[in-house]
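Chain nomenclature is as follows: A, B, C, D, E, F, G and H, assigned in order of appearance, with residue numbering initiated at 1 for each chain independently.
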Amino acid sequence: MPSQLIEKYFRTNSLPHIWCPGCGNGIVLRAIVKAIDNIGIDQNNVCVVSGIGCSSRASGYLDFNTVHTTHGRALAFATGIKLANPNLHVIVITGDGDCAAIGGNHLIHAARRNIDITTIVFNNNIYGMTGGQYSPTTPTGDKGTTAPYGNIDANFDLCELAKAAGATYVSRSTVYGANMIIKQVEAGIKNRGFSFIETLTTCPTYYGRKNKKGDPVDLIRHLKEISVNKTEYEKLPEEKRMGKIVIGELYRGERPEYTDEYIKIIESFKGEI
Amino acid sequence: MPSQLIEKYFRTNSLPHIWCPGCGNGIVLRAIVKAIDNIGIDQNNVCVVSGIGCSSRASGYLDFNTVHTTHGRALAFATGIKLANPNLHVIVITGDGDCAAIGGNHLIHAARRNIDITTIVFNNNIYGMTGGQYSPTTPTGDKGTTAPYGNIDANFDLCELAKAAGATYVSRSTVYGANMIIKQVEAGIKNRGFSFIETLTTCPTYYGRKNKKGDPVDLIRHLKEISVNKTEYEKLPEEKRMGKIVIGELYRGERPEYTDEYIKIIESFKGEI
Amino acid sequence: MKTLEKLNVEENLCKGCGICVAFCPKNVLEIKSGKVHIKNLEDCIECGLCELRCPDYAIYLVFRG
Amino acid sequence: MKTLEKLNVEENLCKGCGICVAFCPKNVLEIKSGKVHIKNLEDCIECGLCELRCPDYAIYLVFRG
Amino acid sequence: MPEGRIKLMQGNEACVEAAIIAGMEFFAGYPITPSTEIAELSAAKLPRIGGKFIQMEDEIGSISAVIGASLAGKKSMTATSGPGFSLKQEGIGYAIMAEVPCVIVNVQRGGPSTGMPTSPAQGDIMQARWGTHGDHSIIALYPSTVREIFDTTIRAFNLAEKYRTPVILLMDEVIGHMREKILVPNKNDIKIYNRKKPTSGPKDYRPYQVKEGDIVPQMASFGEGYRFHVTGLVHNEMGFPSNDNKVAQNLINRLINKIENNIEDIVEYEEYRLEDAEEIIVAYGVTARSAKSAIDILRDEGLKIGLFRPITIWPVAQRQLEEIAKKVNSILVVEMNMGQYALEIDRIAGKYTRVGKYGRVDGELVTPEEIVSFVREGKDCQAN
Amino acid sequence: MPEGRIKLMQGNEACVEAAIIAGMEFFAGYPITPSTEIAELSAAKLPRIGGKFIQMEDEIGSISAVIGASLAGKKSMTATSGPGFSLKQEGIGYAIMAEVPCVIVNVQRGGPSTGMPTSPAQGDIMQARWGTHGDHSIIALYPSTVREIFDTTIRAFNLAEKYRTPVILLMDEVIGHMREKILVPNKNDIKIYNRKKPTSGPKDYRPYQVKEGDIVPQMASFGEGYRFHVTGLVHNEMGFPSNDNKVAQNLINRLINKIENNIEDIVEYEEYRLEDAEEIIVAYGVTARSAKSAIDILRDEGLKIGLFRPITIWPVAQRQLEEIAKKVNSILVVEMNMGQYALEIDRIAGKYTRVGKYGRVDGELVTPEEIVSFVREGKDCQAN
Amino acid sequence: MAYFELILSGSGGQGLILAGIILAEAALHDGKNVVQTQSYGPEARGGSSRAEVIISDSLINYPKVKKCDILLSLTKQACDKYINFLKPGGILIVDESIENKLEREDIKIYSIPILHTAANKLGKAMVANIVALGSIYQITKIVSKDALENAVLKRVPAGTEELNKKALEEGIELIKKYKDGLYGRVC
Amino acid sequence: MAYFELILSGSGGQGLILAGIILAEAALHDGKNVVQTQSYGPEARGGSSRAEVIISDSLINYPKVKKCDILLSLTKQACDKYINFLKPGGILIVDESIENKLEREDIKIYSIPILHTAANKLGKAMVANIVALGSIYQITKIVSKDALENAVLKRVPAGTEELNKKALEEGIELIKKYKDGLYGRVC
């Protein structure tokens, strides 16, 4: 029997999960339910929506209202769910491919609307499920099965993108610092608006192997090494910033939330048909 | 017979164009060919790609290699064209709907790749062609046929978005200051990389009428009033910035261009099959 | 050096929107029965703003030389 | 106040990735024939890092009270 | 909307009015000619009844949001035309697989591709049946008057809920944009079908199990305390993915059979002057209106001719068509395309009678006169 | 690739090797099981021959980039599976309308929706024909061995160029992933068709005019000095949009007829033990392999049975099938779906003989044994 | 009157589709069957615009106008384009301003200053469509005056009721005062 | 030998698909017809993995293995799952480490320390698949040794040729030294 936390929030009969040994996804997923547990919201009022990908398999393991949608469309499904029932806490679990490749448009539009959805991207810098093709977040020069000579695409700064698109809570964390994920997910859920949480995670099977970056532990250590807290980062001299990734809460904004605004319209015009 | 400039670069037998009296699109289109003329590139080496919309009808009027694609996909078509024949100067003409609604994903990815395409968005804050529905750039509160009670969606800052996605030339201008459009298109074409030029234009027929903003002249005057040059804007006190839109060159970056990088791969690995 | 030969109007292209009229700094132009009309050419300072902003390519300056 | 009752290992969930082992600050754990194994419980400081980072929910602290 | 009163109403408007009566509380869409009025009217009307309208970033977003909203318990609709209908195909397949009721309106325009956006066509008949990948069945309805748009929209919602499936409502540009007399029925005279809610508690709820006496699994909504999983993967009765061959075969069988085995309930059609007919025209939508006029003219000339007008286009009225085919000399399928439904009619009826086709795709309606002269010249006897 | 040599090759690999021989210089794709190896191998091989590979942001971007690259003069291909194939439908329609040659590979997997991503299925047969909106024709090919994937891929490129149209290459997951013996043909033995370039100068070039003796308009590439316009709207011979009814009808007719009128050139099929056959199996792809074994077994038992195996799935070999149907007792269509091609065969052959169907959609191949026992039990005689 | 077909034509923005709707609603009010359709191109403005109305005592199947009894044309372009839709013996109502007339021998023509009346007499170019309705009414009596007036008032923007009523009357007046009943020459 | 079907089974990552390919290439080299397929689930690792090879003198139609002549299983899970695919009289090769054996009376079983040999004797767990190939060769002689060795060397990473050759030999040795020719009891 796993821990009480897992017992409570997981569909434990579907464990062990599908993920490879040492895959970081399980770490993020635990952090998410821990955050939900910390806030103490009713399981019946949580809806987890995921796309397609290794990471997006997450929804099936969680004992909430869960949808495993089509590839890239989790946020569009979630928008329908949230608008139809604003009482639900809608959480989107998505991968770097799901969210930033095929799903990029839904991401920027959900952010623009500032709809109250908490999006957690499991960014492993690769398409895991299909076997290791480079993704929009694969660092330039790294290899993937479709980038055998090294990736010439630049990689997105997803947090910058989400912020520019209009998200009102933007943060980044890594599976090394899983406690930070918990805090960020809590903050994201509490933010009434679109929250975007990028979690750097690890794919030992494809990203790690293709790029000769070692075993699961090496990969997590690597995340520890390259990530710097925002406040520290800002103190770093320019030359020391190279190759570093900023983590922490990166942006907070104040804007009306979409479903709230819609309800105002209903309240003003209802019944005048 | 129209002017030499028009004679040279337009398919004049298709004039007068389809656009409404006083529609700003024609102003932008002239500015674009003027820029091309100023640079002096061979007409045979220019390829203009547009999506679907009033603005996207532009490609049909121009005497270049022209494609009127499916809605929202101009940049994806253009990516194929540019990569297949890097000698072509590829210019994308698109609308706020075409580029930022259905086409948003292709926009951010083309920007991310920094592929050498000059994108000019005819931003009239509305879906003109389909009759005046609000677009992702319709200011909050404004009306459209699908926002009869006022638009509750926030509008994108397209330039911020393009920049966050990775564009290496980003600028904004208005049809009032058409000379600025010319300069920006010149700069955009010269930038070896992804250039994003947002031109604020006018739709008297739908946006103007729906929002009671007056006739074509009023609309252009309005653009003049709300737009402020970047340098001036930065000098403005916070309270005077409200409601103003910054124009001018907003961002320049330096990054390797996509087709150049690809050619390097070919050069390194060619023949080793 | 180029000198102005004439201010050309292509009537069948003009849609009478009035933009050139409104933004001509010298009040050279007017609308007459839905088309642009040159009121007083002599005031024209050849600034080209009408040509620049005419959305229909119906008015333009022609230079000689 | 909660006190540690035990450090639980759910063997059938453990995939032997070694993450908990590597990041345990007190070197409490080890891998034995592909599964986690508690080497010296007495050194455990109940920091919970193993539980926090186990991707398979195979190790966790149980408290009493 | 004023009940029991005669009104002049546009087809697209009738669709929205009826959808609201049928219980629509959610609409997500993306504008496209000639369907846009459906979005516009939904935007105006839904908030007034406490419902929600959202303009999504594209058609894929729209169908996705519609599925999401339906899972959250709201009757949902989207409307589009050709290019958008193509884009929605993946989502439609998801709705089929996950058994999510929703209504997808396709007000057709000239195709393929951008085609002739402001002209009528009936070119998406086969796409409505086969547009999404993988084996599946579909329900598609095709009204031919403004009043029928009203009734058929309500029926589309009812069938969607009854069979837990997306229902396609195919419309003609002409009728979508046409204004016609319509008698708004009294609400009491309208039958509304609501999705069957679970009769068991959350503990025992098996979201994809069909209970004795039911046609489809009972459907809880998100937020009601039933915490279930929905996926587009092949899944077992609990809704969880499965790679089991039996599970897969049973699921696909069930999804297809819930429609194919209930054809008699789903199929609706009109027979016009059919009793003694020796020649038959099959036509739907606006083309059927021309066919009726043509039949009146030809009957006056002494030809025993009648019309079979499917209102349910898919599944096809196989039994009825077979019976007719066995009795008549010829069947002529008239449609505003190059012969799509004609293929299906040929398949069914071609064994028993001669099947011909007549169509055009130039953006103009088929007129009664051209049908008359086509029939007079006896061309109906060739499958051309 | 070593010519004239026997090699063990995977189906997906054979596709890429052949595409490069056929002249492919551009590939745009988005990974999806079970087609991904085609993208991966293209990524590895194309730069080595000076060609280009790009991984686009999604399938819509991929088909769009492929069309763009083809307009810029490069033979282009994309590969996908069910969900991605659904997403590409709008783009396929554009390529049809604008007459842009390209090859779209669909390595099928279990559907509908996400379905069974790692299992084989033949569920996209009808979608390949009807997936995009509006009236159109399509060419779709279906190989059944690794060697045939090689040949058929080359043929797909050739037909695409010859008929200026997108060509769909349907593949089975099993064969895409299977390794099989293949004799790599000598380059000299391979016929490559390149698009017909304009014979007139830029001044006289009418990009959508068919010249005397040609099947399709001559095709200039962007950057060659012919400055022409391409649109998905109905367009005239100059390529410019038109609302003229005649222009529309003529265009659609031409697009359909360039394929339908050349069926004999396009259609390819295999006849196996057909000469004296009284019962016929129709099957394609991997299922045809099982059918062959079944036929061998049944022949040994004395049954006069043979196989008609379409390699060109669309357009259908109507004439050949009619001729066969007139001669035989029954036709059984065996496929890994619930009866898709069976509908088309029934339409064509049902007038002359009994047409039955057999299929499964559980992720397993149809085995020779189950065909044998199905035939033995005489079930083939019922259209079920 | 069993089956009566009208085409109202001009350019986009002249409100002819609204006029068609109003006419249709009036006919409906009179207990008739009615179908109103329109044709439009890709242009938002400036393109030609055409509203069609069929009014009948019996069911209307084919919803488009094949040949019309009445053609209203407010622009020359529209007049040229649709003149051949007019049945022999049909009535053409054209705006007086239209020059370069086409010839047709078999129709009745009313050339009247609709646009001028709206713009100058009523001071609102916008109400030309209602003026036209008045004229159509007066010529055809295809709908009752009550019904027409009601339909107009139901559809026009609040605050413009009086103006529109006046426009209707002016349209009626144009015909009442109309002398030059040309026959056989197009405007 | 007319038609010979093999299943190589174990868990993802054990290189069994590569082993199948190598075997197929060797058979091809020997002039045989051959088809190699595999089955896989959604898991990237840890799921069960199965390679199938059919070797025949004649054409191979149906490409999957229905009943196999040889089953190799490196995990218990795989052994349990596929044991019934084995024809009566077929040969099961299982890794010695597999416990809790199933019973079947009609097959021949080789329980040999493939994994152990690779990991400990050769020092690279990774080469277990090649060890297995050696054993299969020695039992069946379905391919020639030359062909097999060539096929192995063509497919393994540069620099590991010697190791892999040794692995092949060790696999052969395992059978040569194999005494306990159990019959009728599963590993």
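For this structure, a couple of remarks:
Definition applied: contacts are C-beta pairs under 8 Å (C-beta built on N, C-alpha and C of every residue); 3 or more make two chains touch, one makes a residue touch a chain.
Everything quoted here is computed from the prediction, not taken from an experiment.
Within the contact network of the assembly, the step distance from chain C to chain E comes to 2. In the absence of chain A, the touching network of the other chains comes apart as B, C, E, F, G, H | D.
Centre-to-centre separation between chain C and chain G, using Cα means, comes to 37 Å. One inter-chain figure worth recording: chain D and chain E are separated by 58 Å, centre to centre, where each centre is the mean of the chain's CA atoms.
Inter-chain centre distance (chain G to chain H, centres taken as mean C-alpha positions): 87 Å.
Of all residues in chain H, those that touch two or more other chains are 41-42, 46.
The set of chain E residues that touch two or more partner chains comprises 47, 57-58, 60, 83, 90, 94, 113-114, 117-118, 231-233, 241, 243. Residue positions of chain B with contacts to 2 or more other chains are 20-21, 68, 70, 101-102, 104-105, 109, 129, 131, 136, 149, 153, 262, 265, 269. Interface residues of chain F facing chain E in the complex, by the touch rule stated above, are 60, 82-83, 85-87, 89-90, 93-94, 96-98, 108, 110-119, 121, 123-124, 126-127, 129-136, 231-234, 243, 245-246, 248-249, 252-253, 255-256, 337-338, 340, 343-344, 346-347, 350-351, 360-364.
Listed in rising order, the residues of chain F touching chain A in the complex are 30-33, 36, 39-40, 43-44, 47, 53, 55, 57-59, 83, 113-114.
Of all residues in chain B, those touching chain E in their complex are 52, 68, 70-72, 101-102, 104, 127, 129-131, 133-134, 136, 145-149, 153. Within the complex formed with chain A, the residues of chain E that make contact are 1, 25-26, 28, 45, 47-50, 52, 54, 56-58, 60-62, 64-74, 76, 90-91, 94, 221-225, 227-233, 240-241. Listed in rising order, the residues of chain C touching chain B in the complex are 8, 10, 12-13, 15-19, 22-23, 51-58, 60-62.
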